[in-house]
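In the two complexes below, chain A is the common chain; its partner is chain B in one and chain C in the other.
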Partner chain A sequence: MGITLNFFVILTEIIFILISSFIFLIDKFIKNKNYAFYITLITLILACYLILFVPFGEFTYAYKADFYSSTLKLFLVCGAILISLISYNYLQYYINLNSGEYYGFLLFSIVGAFLMLSGMDLVTIYLAMELMSFPVYFLIALNYAYNRPSLEGALKYFIVGSLGSVFILIGLGIIYYFTGTFILQEISKVLENNLYLRELLIGFIFILIGFSIKLSLVPFHMWAPDAYESAPVPITSFIAGIVKFAVIATLIKIILIGFNSLRIEIGEVLIPIILASILIGNIMAIKQDNIIRMLAYSSIAHAGYAGLGLISADYLGYSFVIFYMLVYLITVIGTFSILVFLANFKKELLHIPSMASLCEKTPFVCFLLLILMFSLAGIPPTAGFIAKFYVFMSLIKSKYVWVALLAILFAVIGAYPYLRVLKVIYMDKQEFEFKFKYDFTFLIPVCITVFLVIIIGIYPKPWTDIIYKTMYFYLTSLFYTY
Partner chain B sequence: MPSLEQYIILSIILFLIGLFGFLSRRNLIVILISIEIMLNGLIVLFAAISHFTKDISGYIIVFFIIAMAAAEAAIGLSLVVLIYKRLRTVYSDEITNFKG
Partner chain C sequence: MNWDLIIFYYLAIVMIFSSVFAIFSRHPVYTVLLVLVMIVHQAFLLLTLGAEFLTVVQIIVYAGAILVLFLFVVYLINLRKETRRNVFIRLVSLIAIVFLLFGAFLIKNLFILISLKPSFRAYLPFSIEEKSNVWWIANYLFRNYLLQFEIIGVILLVAILGAVFLIRKVKTVE
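Then we have the complex of A and B:
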């Protein structure tokens, strides 16, 4: 079997890289900076089309466009379209950030996520992860024009992230020493012969450390609140939604293809990390007054809930992890588009106690926020409940009842911060001025996300079916080819 | 001709020097240099394994790591320059704007 160089397979990535380089080149010569938004939007819509129609196949051993990666890329692109819409809305009010580079970095980061989802060897995955996270450092640091301390958040994220990449490289070194290859399927062949199980588990744990730094699981979560608070608000939703989605999907892919024989041991390793991140994320969220900081801690907890499916070491559980992250992506984009709306017209409203009696000014927005907060807390008619329910169910099915009980207990604690926001909005009283107008770029993302949250909550079967069938087809195609 | 074990010991020593500097020093530029030292230790590891197993992919990742280290240094130094301009310090314990 020779190496195939079919350039149509990587057409999406090539177009993305060309267009973002093009934005970087011409940005200096164009006065009206909104052009970059239109280019980005057209590129992303084109990417939807391309992902659906580009042929599946391999580009050398390092890259493979297949059913799994294409489905997840489609979700990512839909999320990225909504995020670019709310970015446009945000940048109209924060003019100094409105440069072409903002969207160029966004596109580069999405290319990194794409390459990561379809990388078939660990080197490609490592490089794509760096490509995904380098632009985010700049995007956080960009906010220093309005908020000088935001440089500190960017620096923290940068230092912790580069330490994470060092840890991934240690893992790669250990795996390379024992197997002599970086290709996931070759590693899986070594593992199937029961060779070097313990050593490769240690190597995988080092890779897991690097990934959990990106996912902000607990021993490595200290950067998250600072980086989230200092980033521009749409970029926060990008870090919390898209980056985490791509990282956890790639982690599942590595486990499925490369380390399939070790998945039960990996689940056992993950138990304390996941439980601690749910507990600490939820408890620390209680005392935060800044709503973005609160959502940062809650995103630590939500990465923990998604990781519960990884503990279950079951293919159904893995598909529910993807489903959980999809629901979280939708919910977090909706929440942050409302926060963008608040930050545009009155920056102080991001402070929770000063949100009091907001419902008298904008009852519509407050109702949408109510639904999204219910979804984050996991209250029945919304998607958040269904996602949590499936994850816990998969955990109970694989006999980890005590883990599920503890996680449900921590989830009860985790309902408090969201309900507090609603209590302040609906029950507290104060006098204040609030002038606003509804933009289309605000209404479209928030209405779509709230609609999806309710639809998934009421009738989740088609959505879980899509993801489960994807996983099923992927596994069958994986294990019957060789 | 040193053996593979000696190379691995060298790379572990380099890595530990880098990790110690990363954890103990407070100057941001020294922290960046420590990250580079850690990456260099890993480069020695990959090149040595690749040399002794006669496999090419270790050498390839060495080049990728060098490029990645350069990109990381560029980002880190530009952030440090910006921090020095705006916040007037390069010591990590003096930058305390966020709490809790």
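Then we have the complex of A and C:
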């Protein structure tokens, strides 16, 4: 059995781990805590470079850097750069949070996401998911200094997350029992011979439960509002954007490589979960007064919309899932950077009714928020509309018209919470003082995201093409090696 | 009915019941002792697969070191106040009910899971008789599963850092 130990391939991960360990080591001795931000920023930019130029290849057979994983990693790193910028902005005002640990844990979590995206083996994917979520628990608990109940949110996330790990392990056990391997390609070989189809479907459903806990799909969504509310605001965008993006991309990878012959059955299993999460996420979002809780419920619904593409069970639909999550990642980072801007001034501004007449104080920020909220609600000139359109189109193409109709109906309900925010901002009147300072670290992420939202909304073709082509080449290169 | 099956079912049933009682027992010392029972049975389950080395490691590390540490902690911290049933258990049972409801989706396939036969030994990808236990474990950990081994190391590092970081003193701002 030939094992290749090509350390050059996993150079990115090694550098990340070394640098975050380094931050933890020297954090005690440095008074000015901003150093960690600069180190993180340099590391992430270096990671962009490395992802583009490190050769594709295997490290043992558990890890494979290829076209698919590298493209998605590049998206992830770009998102992480924007999140670290808004973190810098946030930590200027919340000094107690500003420590090396914040960025150290952030980097560890990104390593987990990387390993997850390029894992070729169920054990690696499981362990990488743990590595991705452990630092997030600590990052939520970090907010303890400002918000005592944040420990509760962290503990809830931890307990539900470990329950999810248990389910994944049961699924791994069942799959190993019937196939005798954890490697995705070997599993697909067993499935192609029509062996143990139902048994492996059960195993996959157990894995799916673990993944849907991380995606906060409906029967497993209880942790989401509490964890989102108690985390520091930039970390909330990390959980909602990057963690969900990595998890859903890995899920698609598992289905594509390992369980390709079962994808129609998997879609059928997902229908009730997805529809319930769209419905409950949207309906619960209506009542929320805290904007972060509202966005938490909306993120449940958005994971549901992305999952619609998984129901459709064809490759085009899968590529639209990733496109949807990419658009959601961009939009959510923009929205949360505006929330950071508001929270920096006064924490009470995150309460929706107290945002009244904000547009008179900062018309520019309110206009950007308008565009982002339109994108979340799915109104035409923005990227959110086009992503929803593609997902519904893929559903209708594969003859699930009733699912698409129900989802569109629920999406109409889902427009209300976002439009309510805009109504309060633009139409309600209230007297209050608002001193603000446009900061570079605020302006860069929010302008980039709004620009991207509009550009993708007007001309989405290159973006969907990139994602579809990565998946297509990936599949051909995996199964028909030249 | 051969002896393998009887031993397997004995070990499995005792493990399940001891872990259920460990969750629901009100006294922390009982909980730790029930977990000890579970771990010893788990070790014997490994012995039925012919993995003597793992059995010994399981007993030495888990039963010998970690659980004794737990017992010390239970003795040192006075937990008598928290032996009452509180909201937390209700929360956990609520989550369990939700999961059971989701299990209803699987119910038509559940009989397959019940009919699993404990013949794991047939699936071992190597013969233990050929080389020693330790040789195979080392071969698998440091060759095939090298990357996973390293990832576990990083996870443990993160967990230690987080634990140390959570117990530090925080200046709370209210």
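The rule is simple: the second predicted complex is superposed on the first by the 480 of 482 C-alpha atoms of A that agree within 3 Å, B and C clash if a C-alpha of one lies under 4 Å from a C-alpha of the other, contacts with A are read in each partner's own complex, and residues count from 1 in each chain.
Keep this in mind: a contact is a pair of C-beta atoms (placed from the backbone, for glycine too) under 8 Å apart; a residue touches a chain by one contact, two chains touch by 3 or more.
For clarity, every value in this text was computed on a predicted model and none was experimentally measured.
Participant: Based on the shared chain A superposition, would you classify chain B and chain C as clashing or fitting together?
Facilitator: Clash - chain B and chain C, as placed by superposing on chain A, overlap.
Participant: Quick one: classify A:Pro363 as touching chain B (first), chain C (second), both or neither.
Facilitator: After superposition on chain A, A:Pro363 lies in contact with neither partner.
Participant: Have a look at where A:Leu163 lands relative to chain B and chain C in the superposition and call it first, second, both or neither.
Facilitator: both
Participant: A:Leu127 in the overlay: touching chain B, chain C, both, or neither? Say first, second, both or neither.
Facilitator: Once the two structures are laid over each other on A, A:Leu127 reaches both partners.
Participant: Using the superposition on chain A described above, determine whether A:Pro353 touches chain B (first), chain C (second), both, or neither.
Facilitator: The answer is neither, since A:Pro353 touches no partner chain.
Participant: Looking only at chain A, is it chain B or chain C that touches more of its residues?
Facilitator: Answer, by number of touched residues of chain A: C.
Participant: A:Leu5 in the overlay: touching chain B, chain C, both, or neither? Say first, second, both or neither.
Facilitator: In the superposed model, A:Leu5 contacts chain C only, not chain B.
Participant: Touch check for A:Glu152: first (chain B), second (chain C), both, or neither?
Facilitator: A:Glu152 sits against chain B, while chain C stays out of touch.
Participant: Applying the document's definition of touch, where does A:Pro381 land relative to chain B and chain C: first, second, both, or neither?
Facilitator: neither
Participant: Looking at the overlay, what does A:Tyr144 touch: chain B (first), chain C (second), both, or neither?
Facilitator: both
Participant: Which residues would you name on chain A as touching chain B in one complex and chain C in the other?
Facilitator: Shared contact residues on chain A (touching chain B in one complex, chain C in the other): 123, 127, 130, 134, 137-138, 141, 144, 148, 159, 163, 176-177, 180.
Participant: For a test of understanding, state which residues of chain A touch chain C in their complex under the given definition.
Facilitator: These residues of chain A touch chain C: 1, 3, 5, 10, 17, 21, 24, 59-63, 96, 101, 104-105, 108, 111, 115, 121, 123-124, 127-128, 130-131, 134-135, 137-138, 141, 144-146, 148, 159-160, 163, 174, 176-177, 180, 198-199, 201-202, 205, 209, 219-220, 222, 269, 272.
Participant: Which residues, counting only chain A, touch chain B once they are in their complex?
Facilitator: That would be residues 123, 126-127, 130, 134, 137-138, 141, 144, 148-149, 151-155, 158-159, 162-163, 165-166, 169-170, 172-173, 176-177, 180-182, 225-226, 229-230, 284, 287-288, 293 of chain A.
Participant: For chain C, which residues are in contact with chain A within the complex?
Facilitator: These residues of chain C touch chain A: 92, 95, 98-99, 101-102, 105-106, 109, 112-113, 116, 120, 123, 125, 143-148, 151-152, 154-155, 157-159, 161-162, 165-166, 170-174.
Participant: With touch defined as at the start, can you tell me which chain B residues reach chain A in the complex?
Facilitator: Touching chain A from chain B are residues 15, 22, 28, 31, 35, 38-39, 42, 45-46, 49, 53, 55, 57-58, 60-61, 64-65, 68, 71-72, 75-76, 79-80, 82-83, 86-87, 95, 97-98, 100.
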